[in-house]
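You will see chain A twice below: alongside chain B first, and alongside chain C after that.
== the complex of A and B ==
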C-alpha cells in the first residue's frame, strides 16, 4: 500500500506548480468568529461620514454644491449598474461603493464648474478607473481622483483655481482680503483664488518691472544695474506679499478650519471631514498610519524646504534677466512659521485627500509599515509640487502617483512569516 | 475568387491597428481630427499599395540577407513621391498638421510588415489587393479614432463646429463643451485603449457564441456514457455545458474540456 501511495503523493505539488492556482485565502483552524463588517457596511459608513461636509458645502457654496454631489453620485450609480449588466456580473450598486466614489468625485470639483463636469468626472471614475480594471477591489488608482484628473485636463476653464467661489450671498465671512465682507445685493458669488493659489501667485507672479527701452539703450552697465535693482525690488515685493498674506491677506485660520474659503466643494471644511474620519479610524476601517504620515511629511516638508521666489525682468515677451531666491519660512519669519505650516495643512484638498482618498482600502498598502511609507510619499510629493511645481494644488496627483507604487510597497513590506528565515 | 474573398475580409481580420497592432505612433499622433486621420491613412495606403506591388515584382532578385534594406529603399522612394504630391495638392493646414509623420511613413511598421509578411511571398496582384485591403483597414480604424477624438475633444466634425440642435424652440441637444483632454496625447491613449478593449470583447463574444453553437451535439455523445472522464466532471459536467450553451453565456473552458472528453470517449467507443 505504501509503495502505491508514495508515487501519488508528489502529484498535487507538481500540479500546483505547473497550473496557475486560483487566488486562495488561507485561514486557520475553525471555529471562526464572523465579523459584522461587509463592503456595504463600510461603504455606507464612509458615505455617512461624508454627509456633514456635504451638507456644509451647500452653506458655503450654494445650491450648486448639492446639485454637483447629486449629479456625480447618480452618474456613478447608473454607470456602475450599466457596466456590470454589460459585463454579466452581479450588479452591486447597493453596496454603496459607487455612491462613495460619486460623492468623493464631486467633493474635489469647484461648485462653479458646469453641470457636465461632475457627470464626466464620475463617468470616467467608475467606467474607466474602476470597471475597466475589473471593478471594486481591482482598481490600481483611486477612481475619484482619476475622474478629477481627467476633468482637470479636459475642462481647464471650469477647474481654473481663480474661478473657485469664495463665498456666497447670505454667508458672511471676515477677512477675505480685497473681496470684502459684504456682498452687493444681487451678487450670487464672488470668485477668487483659493488660498493656495494666492500663496503660489505671491511667489511666482512677480514678472514685470520692465525697464524702459531707452534705459537699456543708454548703456549696458547702467542697464545691468537697473535690471538688478528691478529684480531685487520684485523679490522684496514677493516677500512682502507672502508676509502680508500670512498676517491678514489670506482667510482666517478659523475660517480655514471651518471651511469658508475658496476651494472645491467638499475639501474646505477640515473640521467636519476630520469628524467623520475620527469615527472611521475608531472603527478600524481607516488606519491612522496613512493620514499621520501624510500630515507629518507635509508639516516637516513645509518647515524644511525653502520657498522659491522667482523674479523676472521682461522686455516685450523676452526675458532679459531672472533671479531665484530661496527663503526658509522658519528662519525668515520665525513668529509666522507655524501659521505658514497651518495654511499648508488646511488649504487645498490635503485634509480630504489624506483622510479619505489616500486611505482608500483598495489603493493603499496592506501593512502598517507600508502605509507609513505610502503616506510619507504622498506628503513629500504634495509639498514638492506645491512649492516648486506648476500646479497650485498637488494632492490629487501625489496620491495617484503613490497609488502606482502600492504593489511595490506591498512587496517590500511583506511581514516575515514566523519561523522562516528572511 | 479566393483572392477576392481574402481581400474582402482583410480590413477587419487583418486590421493594422486593432488586430496587427502596428503603426500606433502615427495613429496616436495624427488622429486629432478626421481630416488629418483620413489624409494620413490615404497617404499610407498609397505608399503601401505601390511598395507592395514593386516589392512583389522584384522579390525574386532580392538577396534574403539584405531584404529589409531593399524594402526600405523601395518604400522611401514612394514616400518621397507621396510627400511631394501632398505638398503640391493637399491643403496647407493638413500638410502642417501631418508634418513629420508623412516622411516617417518610411519606417511605418504597417508598410514594412506587409512587405515582409506578404509582398515578398506573393504575386503582384495579390500584393496589390493586400495593400488595398490593409490600407482600407487602416483608413477605417484611423477614421474611427479621429472621428471620436475630433467630435468629443474639439466639438467639431471635419472642421465644422457642432451646433446645438433646436427643434421647435426647445433645445434638444445642448451646446457641447469639448473635453480638451481627448485632443491631447492622454486622450489618444485612452480612446485607443478603450477601443482595443471593445473590439476584443466583441471578438471574444463572437468566438464564444461560435464555440457554444458547436457544442450542443457533443453532450448528446457524452450523455451516453454514464461516467464521463474526470476532466469533464471537474468542469461542471455535461448538464452545465448544455445549459450554458443554450444561454450563450461565457463557458469557454468547460465547453472545450467537454469536447475533449467526448472526443476521447468516442475514440474509446
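== the complex of A and C ==
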C-alpha cells in the first residue's frame, strides 16, 4: 500500500515561522496518486491463494508433494535471478511472479515423478517460456504449462497419468504400475489411476492410456458367424464399463471435490482451489469471464458431444469387422448425465487450469469480451481433446493453444474508442 | 433521482479534508505578480508599463488573438515591472506583471457597479465576458467567451454547469456552491441567454448532498434549469464524460462539446460570469484549496490572482517538509519544481505532499485494468508500450499509436492510477503527441523548402 494513495490527516508543520528553506521538490508526471495494486501485491496474493491446495497436497500425496513444490519454486526463483543477472537487468524475484510460476509448475506434476522433473519443468518454464521472451509480461504462453508440456514429452514415464499416485483409504500413496497391464483385467484394475484417465478408459474401453488406442478388441480368431454377435457384445461391454464407472467405479464425487483422488499435486482439490480463486475474483485480479466461459463450454460440450466407441473384430492380424457407436450423455438424463458432466468438470487439471492457468494476466486477453471468447475456446478444445484425442489430460494444451490466439482476440475485441463510429 | 455517470473511471479516496472549511479571504499581499499566460491559447500582451499606477479591475494585458484573454489588475497599486516567472501550467517562463499594492484596494472607474444584464444582447454578453477576462476556472483555462460563441451552424441546446469536482482534495467548487449558489444560478441564466440554449443543468456528484440541496433551491427560479446528481467517480467532471453522463451524447472524435449541442462551464466560471455581468467586476480573484498531508491548516482561501504561493503556505501552515507541490488536483494537477509561483485564474488547488508518488515503471503485465477503466475506451497499455518502443528508436510507433486513438486520450490519468506496474502511461502518451507534433512540423518545413526550391527552379527557367 503506497502512502500517497491514502488520505493522511494533517499534522502540525515543524517548520519555524521564519522563511523556510526551499524544499527539494520532486517533479513527476500526473497522476500524483496511485492505486493500491502493485505487481508484487498481486503475485504474492496469488501465491497465498495457492497455499491451501499446496498444504492439502501433502495430506493426499505425502511429503514428496511438498518436496516437488519446494524444488519447483526454488528452481524458478534461482533461474529467474540468474538470467536477470546475465541479462544485466534488475533482479525482480521479490515481486513473486517466479514463485507463482514455480508453484503452478509443481501443481501440474504427479508426486511420484522423479525429483528432476519439477526442477527441469520449472527451469524450462522460467528460462525458456518467460525470460527468453523478455521476462514478466512479455511471454506469449503460460510458463508453467510450457514447463509441464516439456517434461511431458521428456519424461513420459514419470508423467504417464496411469502411473499417478494412487489413493487408498488411508491416503497412502502407492504406485500402481502402468494401466497398460492393468486394463485387460477390467475396470477394477485402473481404479487407482487419475479419474480422467479412468473416464477416458471407460469411455473408449481402451487399452490403457496409450495414445490413439480407442478400439475395443472384441475377440481374436472369432468365427465368421459370430462376428456380428461379437461386435454387439463389444459395444455392450464398453457401455457397461461406462455405466459401471459412473455408478461406482470412479471415485466418489465428494472425494473429487475435496481432492482425495489420483492426479497431479495441486489439481485435485477443487474446493481449496476455488476458495483462493473466489478471493482473487473479488479483488479483480482474476476476471470471472475466463473460468465462467471455460467451465460453461466444457459442461455444454460434455452434454452436446457424443462419446465415440469403436469396436472391431480381428482374425489374426486382419480386421474382419468394425462398428462405430456414439453415446450421448444427454440421453442419460437426468442423473447419470449430470454425474458424467460433474466428472468432466472436477477431474483432470480443469479446475486448476480454468481458475489459475487460463486466468494468467500476461497470457490472456485484455477485455471481458475477449476473455469470454478465450475461456470458451479453452473449454471447447479441452472437451474435444478429452473425447476424441488420444491424450486424456487436455487442459494444458488447450490453454497453450488459446494463449497463441490472444493477440488476435485482443485485436478484434478492444472497445470502440469514445467518439468514434463503430 | 437517476444518478448519471459514464462507463469506466475509478474511485480514488476522496480526501476532501477541507470540505467543511468555509472560504477564508486571504489578507491582501503587499506584492502581486500576475503572469500574462493565464489561459489556454495565446498569452495576453502587457498593456501597462513600469511605474504606472493601476486600480483594481483595470486592464493590464490585452488578448493576442481570439483564443486569448484580457487581464486585469487584482488590486490598486503601482506596476513595479514586467518580470519573467515560471508558469505553473507549462513550467516555462512567461512575462508577469508585478504590482506593489497600495493597500487601498480601489476599483477602477466603471468597475464594481450594478448592471441589469437582462437588458444586454447576447453578443454584448459575450463581449462583456471577454472583457472581464473570464477563463475556465476548472483548470483548463479555456477563454469563456470563445466557448459561448459556438461555431456557425452548431446549435447549443444545453448548458451544463460543472460542479462535479471529481478530483480528490479539491473543495473550492463545493464551498462556492454552498456559499454563493445564487451567483452560480445567475451565471447559468446568463449563459442560457447568451447562447439561446433552453436547458440548464447543474451537475453535482452524489457525495455532495448539501450542495445538491442548495443548488436545487437556487436554480428553481431559472427556467429550464435543474440539478443532475452524478455518481461519485473520477473523471466525472471531464467535459466529454460529463456530457455523456448528463445527456447521453458522445462528443465525436476531434470535435467540441458544441458538436454534441452542449457547453460545459465550471461553477467558478458561472459565478465569475455573474460577477462580471451583474456587478461589472472583472476576474481578479478566485478560491484556492490548499491541502495535502504537508499542510497543517488546510483550507479554502479566496485570494487575488497573482498572490504568491508563499502567502498561501503561511496561511495554511505549510512548512518546508514536502516533496511534491502540485497545482490543481492530485490526478491531473501539475507538479512544480519551484515555490516561486503565483495564483492564476485556473489554480483550483495547491497541494503539498510529504512524499511524491513513485513511478516503478514495471513491465506491463497485461492485467487490463487500464483498458477496463479508461473513460475514453482506449488501450492505454498498448499506447504506453508504443511510447517505450518509440524511445527505443521505433519511429513507426507514432503512426501505430495514432491508429489506436492517441489523440482521443483526455490525459485524465485513470490508467496510471490503476496500473499495478505503476507505469508512466500518461507521460508516454504526452511524449508521443509531442513527437507527432514535431514530426508534422518537420514535414511541413520540408514541403515549404521543396516548394521554394521548385519555385526557384521555375524562375530560373523563365529568365
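Definition applied: the second predicted complex is superposed on the first by the 336 of 422 C-alpha atoms of A that agree within 3 Å, B and C clash if a C-alpha of one lies under 4 Å from a C-alpha of the other, contacts with A are read in each partner's own complex, and residues count from 1 in each chain.
Throughout what follows, a contact is a pair of C-beta atoms (placed from the backbone, for glycine too) under 8 Å apart; a residue touches a chain by one contact, two chains touch by 3 or more.
Please read these numbers as outputs of a predicted model, since none were measured by experiment.
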Touching partner for A:367 - first (chain B), second (chain C), both, neither: second
Touching partner for A:128 - first (chain B), second (chain C), both, neither: first
Touched partner set for A:150, first chain B, second chain C, both or neither: first
Touching partner for A:138 - first (chain B), second (chain C), both, neither: second
Dominant contact partner of chain A by residue count, chain C or chain B: C
Partner chain in contact with A:88 - chain B first, chain C second, else both or neither: first
Footprint of chain C on chain A - complex, ascending: 2-15, 20-35, 37-39, 41-42, 92, 95, 134-138, 284-285, 287, 361-368, 414-420
Of chain A, residues touching chain B in the complex: 88, 114, 116, 120, 128, 132, 150-151, 153-156
Complex contacts: residues of chain B adjacent to chain A: 177, 179-182, 184, 186, 190, 194, 197, 249-250
Touching residues (chain side chain C, partner chain A) in the complex: 10, 12-15, 17, 168, 240, 250-255, 293-298, 317-326, 330-339, 351, 353-360, 362-369, 371-372, 375-379, 381, 404-405, 408, 411, 413, 416-422, 424, 426-427, 430
